[in-house]
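Take this structure, written in structure tokens, and hold onto it; I'll ask about it next.
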Amino acid sequence: MGCKNCCNACLQCLFGYETNVMLVINNKGVGALFRLIQFLIIAYVAVYVCWIQRAYQDTDSVISSVSTKVKGNILTNSPIEGVHVWDVPEYVIPPQGENTFFVLTNVILTPGQRQSKCPETPSEVTKCESDSDCKEGYSDVHGSGVQTGHCVQYSDKIKTCEVQAWCPLENDANIPKPAVLGAAEDFTVLIKNNIQYPKFKFKKRNILPHINSTYLKSCMFNRKTDPDCPIFRLGDMVTEAGEDFSVMALKGGIIGIFIDWNCDLDFSERFCIPKYSFSRLDNKNPENNVAPGYNFRFAKYYKNNESIDTRTLIKAFGIRFDVIVFGMAGKFNIVPTIVNLGATLAFLSLTAAICDWVMLTCMKDRDNYAKHKFIHLNQNGDSMPLSSMETSSYGTP
Amino acid sequence: MGCKNCCNACLQCLFGYETNVMLVINNKGVGALFRLIQFLIIAYVAVYVCWIQRAYQDTDSVISSVSTKVKGNILTNSPIEGVHVWDVPEYVIPPQGENTFFVLTNVILTPGQRQSKCPETPSEVTKCESDSDCKEGYSDVHGSGVQTGHCVQYSDKIKTCEVQAWCPLENDANIPKPAVLGAAEDFTVLIKNNIQYPKFKFKKRNILPHINSTYLKSCMFNRKTDPDCPIFRLGDMVTEAGEDFSVMALKGGIIGIFIDWNCDLDFSERFCIPKYSFSRLDNKNPENNVAPGYNFRFAKYYKNNESIDTRTLIKAFGIRFDVIVFGMAGKFNIVPTIVNLGATLAFLSLTAAICDWVMLTCMKDRDNYAKHKFIHLNQNGDSMPLSSMETSSYGTP
Amino acid sequence: MGCKNCCNACLQCLFGYETNVMLVINNKGVGALFRLIQFLIIAYVAVYVCWIQRAYQDTDSVISSVSTKVKGNILTNSPIEGVHVWDVPEYVIPPQGENTFFVLTNVILTPGQRQSKCPETPSEVTKCESDSDCKEGYSDVHGSGVQTGHCVQYSDKIKTCEVQAWCPLENDANIPKPAVLGAAEDFTVLIKNNIQYPKFKFKKRNILPHINSTYLKSCMFNRKTDPDCPIFRLGDMVTEAGEDFSVMALKGGIIGIFIDWNCDLDFSERFCIPKYSFSRLDNKNPENNVAPGYNFRFAKYYKNNESIDTRTLIKAFGIRFDVIVFGMAGKFNIVPTIVNLGATLAFLSLTAAICDWVMLTCMKDRDNYAKHKFIHLNQNGDSMPLSSMETSSYGTP
């Protein structure tokens, strides 16, 4: 019989089904509260978690590759350079179109620089009266070269410390106004963007499948009429960023071209399209700022007729466009679904705790409810109702 | 006695243990169903959540720094330039090896350009018959300069609008075929990649610790024989991406070099190694495309003998290699573990709900089960079995 | 009466409240265990999940734009070049300050290169004794050009294969020591960094609102005295990275400038400030390495007096600074809160399971507890206590 008992115990353990014994109360107040809380939690799950936050989805970050190509020409006529046509290789620096490209809008040229000695441009620090005011070998971090220790005539009235430098020095006190290449707002840029979500093996281009080559050759991005055209007019982008191109062209700045690839891959990939937006990234506010605008210096080097290294220094002001691609793709996945549903189910158990508390404290029948809900077992092993417990279990002797 | 009661109540509240009263049913059907669902949920957690999705791990995204170095020389012999050896400073543009590098494969040179006037290259838009067809100051976005308003002879038969531009204009109608630097497929590139996962203070390089310098000096990446060598032959990468180098060299393109650093940091860091893959990023399909391939123009500036600014315009076709580093590291963390296990436990409670439903609707003993599972309490405070409820609680008058 | 019954059933279903029937046991051991486990789980949630891991927050990754500007001048006096002042356009390559900038620290100049033929620099591979040792058209991947097939005198004693190349060849056997531009450690760099968290519509700059322009013009970053100044001395950054500038300047290297924007956006945005740190990214260890340091070659092209293309080849050693911006912002969101709390609640149900197990196996009253906790229902539909079950339900006939 021992074996039979053992078998029975096993079977019972495996196939005996344990279920909670429930007390059913016909109290409309508590019942309604219970249903209301249940409804609220289920509504929250359905609407907020599933619909708005799409918490049933696994997500992946975008991986992106960008190439850009600027087009346009400008004719300028300056006293120094004469008539000059600027084409892409001159005003796009560096010439290669990657995810950051710079378009020259204003320029200070200093031709014919060569290694020699010349008086420093006057400032509080560089003005001098005698050689003793200058220090040989000293190089100010804001200066143009290394001091020779001599104090020399800068102009009729002013003497400044002499420096060893690329002379003549650049004079950037007066920025050309209006900007030399202010007409750059008519330039266009073609932006090609390939993205992928490696986790979902999803690839797409910003040139959408329904766009044909003919359209691409002549279109121009317009948020209303041509939202899918990948060719942008510089002036339009700056305007959308809330800036005035002619003002920005003077001292330069940084414009962010944001491409948002947030996609719900549970839908057809047709709906996964890029959203473009533009905003100024640098601080144009003169307070709380240093070196406002965007500029840098570069030089074109050549040998002059006596084979001496000579250069044309160019202080280039312009707009740097940063193509910033971001986004998250979501796709149904069982793990976040289970986690979110499971966690919400666990919250449903809170409902019961709240209703029990209401039932046992606020209802007028609370003692009766408690008597039936709780079976008290004292340490003698007898069960008894709540009402009689105090005297028997912990009662006075 | 009031105080004693109070104390007793407190003690009872703190140390009284409440446990559910359970009804045990020896029904093999429901019991088996219950165990089966429990088994399925536990198996799902063990296999899918833990093993496959590693949901017990906290994750971090990779932070990466890349440097690249191309090596190789090519000799070309063209009628214009004569014998010319191309070395790295000439064909890698820009010369600095960052995470994107460009290798020149084809080139259209236009030497001796200077600011002057010349007839525009013929096209539907630029052909003219008289000056009235041309508009002074007009600059077409696809044109090479700014129109002077004159209609001049381009060739014996054709007249085009004259432009102010860098003349002579480039003629890019005929792309050299085969590509000038088609032999670039034999070039090699060394890719150094340092990554880190800041959350886990984990750092690693793609040059793995067991690789010695001697091997590095002579190895070449091969997926089967040398999977850890960080030196890649350009032709091999293009082939792995499913492209033909000699075709791609003509008009250029973009190749993505993907370095996948997905790592399970619960294992030894020895197992955290980069996986390389290659694919073409730009669209080679001529439909639904514009400006296929990859090219850009740049110029080498110099002063000619009369000190006039002159330049050699270079239209550079080539392959841009984008080194794209991505990956996620996971490491055991108590929070996601608790969340995932807890949520699954909550799902186990669903099991009981399903089995209860089966028990109370499909079993032949369902009335008996219900009678013992539910204790009904009517509003008079008496408990009664389900069978007698209708007549007493809501019964007919 | 049928309809009335139906209505009653509906009402009961909607408003009947079901609650578990509980067995209350006055056993201090189990009660204390139950409270202890509950306390531990709640403490874990409060301290670890909420306080340390901030698991109640939704997170977003940083999007960043960086611009940099280096300042400083150096005077060098070399036998080849004479006195030469290096300014920013010369030693910052490329000149535009993006998130990666390179500062030249050492240089090997090879002036006057032009396309011609010259003996290869001697090495094991290039040394020869007769023309038969050289192969016309062969281009070694580590060589400087394409072999002509001739074996010529390199010096009095050594013969090497002749190559078609940019001659004279560079001799980079001896790197200048100390570094030509070793004084570059005094250069300063202004780093401007704009970040945003698009999910939270949060934008900020590394130039904090309380900093004024006057301070910015003269400040220098110092971790203790000026932690908010965005101007960094190159030497200080290298020192913080644990390197010696004068050693690193010889062969170059890569320094990472890490800007950590981890922010808790539930607090005021005043507390969301960047944290800077610096570390060396490349491997300086000579073992397990190839091409240590950081260098690249570029050339300045010009036409010589006979209008022949000539160039000055520059092998540039220097420090590449990679500005790496990373961070996560967190903000309270109901979904992760529900998920984390819900999952923890589910864990609380484990507590009951553990205490039940203790109660039913370890307590001396276990049989009594079991008798009251479980109501056994055999297949005849009668309920009975555990003690009598064996004989009736599965008992011997």
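Letters are used for the chains, namely A, B and C, taken in the order the chains are written, and counting of residues starts over at 1 for each.
The working rule: a residue touches a chain if its C-beta (ideal position, glycine included) is under 8 Å from a C-beta of that chain, and two chains touch if they have at least 3 such contacts.
Listed by chain with UniProt protein names: A, B, C = P2X purinoceptor.
Everything numeric here is computed off the predicted structure, so don't read it as measured data.
Least-squares overlay of CA atoms from chain A onto chain C yields a rotation of 120° to the nearest 5.
In a homomeric contact, the two copies may use the same or different surfaces; for chain B and chain C, under half of the interface residue numbers are shared, pointing to different surfaces.
Mean C-alpha position of chain B lies 16 Å from that of chain C.
Among all residues of chain B, those that touch two or more other chains are 12, 18, 20-27, 61, 94, 302, 339-340, 342-343, 345-346, 349, 372, 374-375. For chain B in complex with chain A, the touching residues are 1, 4-5, 8, 11-12, 18, 20-28, 30-32, 34-35, 44, 48-49, 53, 55, 61, 93-94, 100, 102, 115, 137, 139, 141-146, 163-166, 254, 256, 258, 260, 281-283, 286-291, 294, 296-299, 301-303, 307, 311, 313, 320, 322, 324, 326, 339-340, 342-347, 349-350, 352, 355-356, 359, 372-379, 381, 383, 393. Those residues of chain B lying in contact with chain C across their complex are 12, 14-27, 61, 63, 65, 67, 69, 71-75, 82-85, 87-90, 94-98, 186-188, 190, 192, 194, 198, 205, 207, 209, 211-213, 216-217, 300, 302, 304-305, 334-335, 338-343, 345-346, 349, 365, 368-369, 372, 374-375, 390, 394, 396.
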